[in-house]
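Below: a set of structures, written as structure tokens.
In what comes next, subunit A is part of two complexes: it sits with subunit B in the first one and with subunit C in the second one.
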Partner chain A sequence: MTSPAIGANKLTLTRENTTILDAISIDIPAGSVVGLVGRNGAGKSSLLRCLAGLVEPDSGSSSLLGCPSLELSDAVRARLGYVAQAPDLFEWMNVYEHLCLVGRAYPTWDEQRCLVLAARFELPLGKAVRELSGGDQQKMAVVLALAHDPDLLLLDEPVSSLDPLARQEFMRAMFGARAEHRERTIIVSSHILTDLERVVSHVAFMRRGALQLFDTWDAMLEYLRLAPVDTVVPDKAIICRAAGAPSMVIDIRHAPGAASAGKVMTLTELFAELNK
Partner chain B sequence: MDFDISPNAPTPIYRQIVEQVRRMVASGQLKAGDPLPSVRTVALHHAINPMTVSKAYSLLETEQLVVRLRGVGMAIADAGGTSPKRDKLAMLRPALDAAALTARQLGLDDAAAMALFQTCLDQLPLKDDHD
Partner chain C sequence: MISLPDPLLKHLRHSTLLKMVLASFLVYWICMLPSLLGSGTSSQASVRVFLLPAMATMYWVATSMTGEMGRMLDVFGQLLAPHPFRRRLLAEKLWVIIIAWAFLATGVALQLAMPESHAAVLSGPALISLIACLAMLRALSGTGLVAVPLADVLSALPVVLCVAVLGLDMHRLLDWFGALPFAVHAACTLTFPLLALALHRRWGSALPEYRWRERKPAAGRWLAVQARRITILTWKKPLIGEPEKSSGLWLVLDQAIMVSLPFIFMVNRPVWENGSLNTDRLLMSLMMVVMVAGALVVHDLHWRSLLRPGGLKRGRIASRIWAATVIVQLCVFTVYAIALAAVARLGLGTPPEVIFALVARNWTMLLELPFITAFAVLVRASPLAGKWTVIVFAGLLMAVMMMMLSLSPKQTMLHVPLAWYAGASICLSAALVMLANRVWTIKRLFTEVARSQAN
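Moving on, here comes the complex of A and B:
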């Protein structure tokens, strides 16, 4: 058994007596594309920042590609791509200069690949970074994260300002530009759930700092149902039952008889139910 | 050829692909030796995860409905091979079960529902039977 590409063990973070991350444990297998979803303030960005080693947790630990997040080696760093929620760019440079500057920091940087990506996102290479629109700055952060062909991508709402066509291009780019037969593991937080449905292998639901549910998306579609609260099922089949709600989310792997009692949910519907 | 994929439908994408290939083989729209588009082509076209397409193709391969040709990609398997011919009526059944349920929920009488199904059939041209 190989070690997970991303691992967290009881990761806990508190700030001023508020729990930001509540004992999060998760093992993400190599090659997965994980959609990290949850309401604003659920802890998605904090989790990604802890995983990337940018924030030290109060307790617990995490690792990327087998290396502890807080002691990432240069070799592992070179295989990472990270897009922060608010891209931190050098505003006085022009786009081309900026791309080249960052590129020099990575041994696997390929200028050709970078320029192809920039062209696909229609980035104006000669323009000063400070004059870019919010959307173009976000595209630039995405190009910077992808152009060294990383094995692991941590993406914190990378497409929130992008139009639908640019978002499709982004989804293609996540999988493209790979040397043959190399796996890429991706964790991407987003509120655009209809986009995530296209590309994720797994979904991780966060609520109030805790990991609420983690499974493959195919399994969620196959086995989770929204059933009336009076459906008779064993306790372990109940994923979520909000007080006063007329229905609950059940896992029919633990209640095979209830398969026809409920309806299959889209990611948007499941999100709404889990956050009631 | 191209697949009809609805990424936001409550049917997993891999299953949408599998079922389409099954149906197109059953109807003769895909014949032995016909190539399937490459995983990469399908993934790029629909902006979906290539692993999902691979999963669908692997399942079809397990069912012996398609074969992996070295250096060429996937193609529809020889119909004379080991794969049992799928019962076309059995494949139609799930769609009709759902329609029947809706008809009952609406309280439609059987004759009206049957007549409507005939109207739906009449709207579409009859495909040549390749049997």
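Moving on, here comes the complex of A and C:
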């Protein structure tokens, strides 16, 4: 069995007596596309920062491509791409200068690929970074993360400021054909669930700093059902049952008889049920 | 041979400014050589005139370059980029500081080595080194590049330096420092090279890891936000505070220049002093109406504040413009007065009591500015207001002033008691604002805003 591309073991993070991450353990196989979803403040960004080694957890550990997150080697760094929710950029440079400067940090930087990406996102190369709109800054962060063709991408709400066409372009850029057919692992947090639904292989639901549910999206579609609350199922089959709610989420792997009692949910419906 | 890394130097935020400052020091130093080779107090003054700006430049270079190092760490750290290039960038920025230090320290040392200089040659480089060292440590402690002990104490460094420069007798302080033993000067001179060497070695072996942190809004950011809340009704340039159109700090600078122009003309000789009203100055102040009318300020002209209940009260538009303009003028005036005081204290060695006396002498400006502004608000709103009207108005005033200048000072002075002067200023200001309130309408306001944007 190959080692996971992303691994976390009991990651715990506390700030000012508030638990941000609550002993999160997760193993993401190479080549997966993981959608990280949860309400605002659920801990998605903190988890991504901990995984990227940008925040030191209080306890627990994580690794990227087999390397501890807090001690990433240069070889591993060259294979990573990260898009922050609020990207830090050199605001006094213009877009082209910025792309060139960052490009010099990566041995595998492909200037042509970078410029093609910038053109596809319609980035104004001559414009000062500080004059870019929020959406354009986000596009720039995406180009910076993708131009060296990384094997692992951590994306923290990368499309929150993008218009639908730019989002489409973003999807093409992420999932377009790669050189040498190398597999790319992606973990992306987003609130645009309809977009995620089309591309993810796995979904991780977070709630109040804890990992609520993690599985392949195919398994969720196949085995999770929204069933009336009075459906008789064993306790271990109940994924989520909110007090006073007329329905609950069940896993029919533990209650095969209840398969016909419930209905299959879209990602949006499942998200809503899990956060009731 | 030491050379600036040109391909990367262009990526420095202040590269052009840095080159210009260092070049101007070189030109100044060359121009001063004849006087330095001479004798007397002028050569001593030349050394001091060079030393203080050199120290200020060193502080600025060390602070801004170290700040850029921190920015590099943030941007590349957040991208999870490999270390080697980051290491190279840090080293190159360190080189820029070293080169500035070498340039300034050498310049100061050469000046102190001139025949007529009484201070120890190393005292200048020692001061430059100390400043570079402290400024860099202070900036490093804020960037997370190095865990600096006593970081909180160092963060107070700019305030301590300002207080020292303005409150202490710098000349005596420099004389005292210059008289310290050679060993002390040598040790102080070595502080910066040793710090640079230590940082170079440390970053060469282990680059500090970037850790994400919640950003505190910088003071500059706060200023920029405030600047975006105001709109200036100019005759020519659009200065609407739109975030997409211009940087907030440039707006602040633009606004400061626009509204500070009247002060430059007003501080030399007050309109009212010791019971006498200088009518020629009064007329000159009235000319300021033209300038102020071209730089009126409207606060919170954002649609959100316009739509809120009572957002743009009809019948009080002129009051709003008048109040916003006066507030900005007073803020700028405060900064202007502090800057003048600093220049007088540092450049000319003026004692603090003389500076305070000068400020106190001009206190009536607090009456005159609101009056001039009220007049300007009215002029701007009048149907004939426009470029040519203003030019004619200014021309007439100039003519009257020329006539007044042909008279002797005694003939232009009127005896007016303070109470009368203050009362008349306040009443006239209030009357002009009330009158202007009747003329200013929302339509007029937006016509002026549109004109500011269109020209």
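Everything below uses one rule, namely that the second predicted complex is superposed on the first by the 275 of 276 C-alpha atoms of A that agree within 3 Å, B and C clash if a C-alpha of one lies under 4 Å from a C-alpha of the other, contacts with A are read in each partner's own complex, and residues count from 1 in each chain.
By definition in this document, a residue touches a chain if its C-beta (ideal position, glycine included) is under 8 Å from a C-beta of that chain, and two chains touch if they have at least 3 such contacts.
Source: prediction; values computed, not measured.
A.B. asks: Residues of subunit A touched: more by subunit B or subunit C?
C.D. replies: Touching more of subunit A: C.
A.B. asks: Can A:234 be said to touch subunit B (first), subunit C (second), both, or neither?
C.D. replies: neither
A.B. asks: For A:257, select first, second, both or neither according to whether it touches subunit B, subunit C, the two together, or no partner.
C.D. replies: In the superposed model, A:257 contacts neither subunit B nor subunit C.
A.B. asks: Between subunit B and subunit C, whom does A:199 touch in the aligned arrangement: first, second, both, or neither?
C.D. replies: The first partner, subunit B, only.
A.B. asks: One more residue to check, A:66. First (subunit B), second (subunit C), both or neither?
C.D. replies: Neither: A:66 stays clear of subunit B and subunit C.
A.B. asks: Quick check for you: in the superposed arrangement, does A:222 touch first (subunit B), second (subunit C), both or neither?
C.D. replies: Once the two structures are laid over each other on A, A:222 reaches subunit B alone.
A.B. asks: Looking at A:134 after the superposition, I want to know if it touches subunit B, subunit C, both of them or none. Which is it: first, second, both, neither?
C.D. replies: It touches nothing on subunit B or subunit C.
A.B. asks: What residues on subunit A touch subunit C, complex-wise?
C.D. replies: 49, 52-56, 70, 72, 74-75, 77-78, 80-82, 84, 87-90, 92-93, 97, 101-102, 104-107, 130-131, 133, 144-145
A.B. asks: Help me check something: in the complex, which residues belonging to subunit B touch subunit A?
C.D. replies: 7-14, 43-44, 46-52, 55
A.B. asks: Write out the stretch or stretches of subunit A touching subunit B in their complex.
C.D. replies: Answer in residue numbers: 31, 33, 168, 171-172, 175-176, 194, 197-201, 217-218, 221-222, 264-267.
A.B. asks: Which residues of subunit C touch subunit A in their complex?
C.D. replies: Of all residues in subunit C, those touching subunit A are 10-11, 13, 71, 74-86, 209-212, 244, 247.
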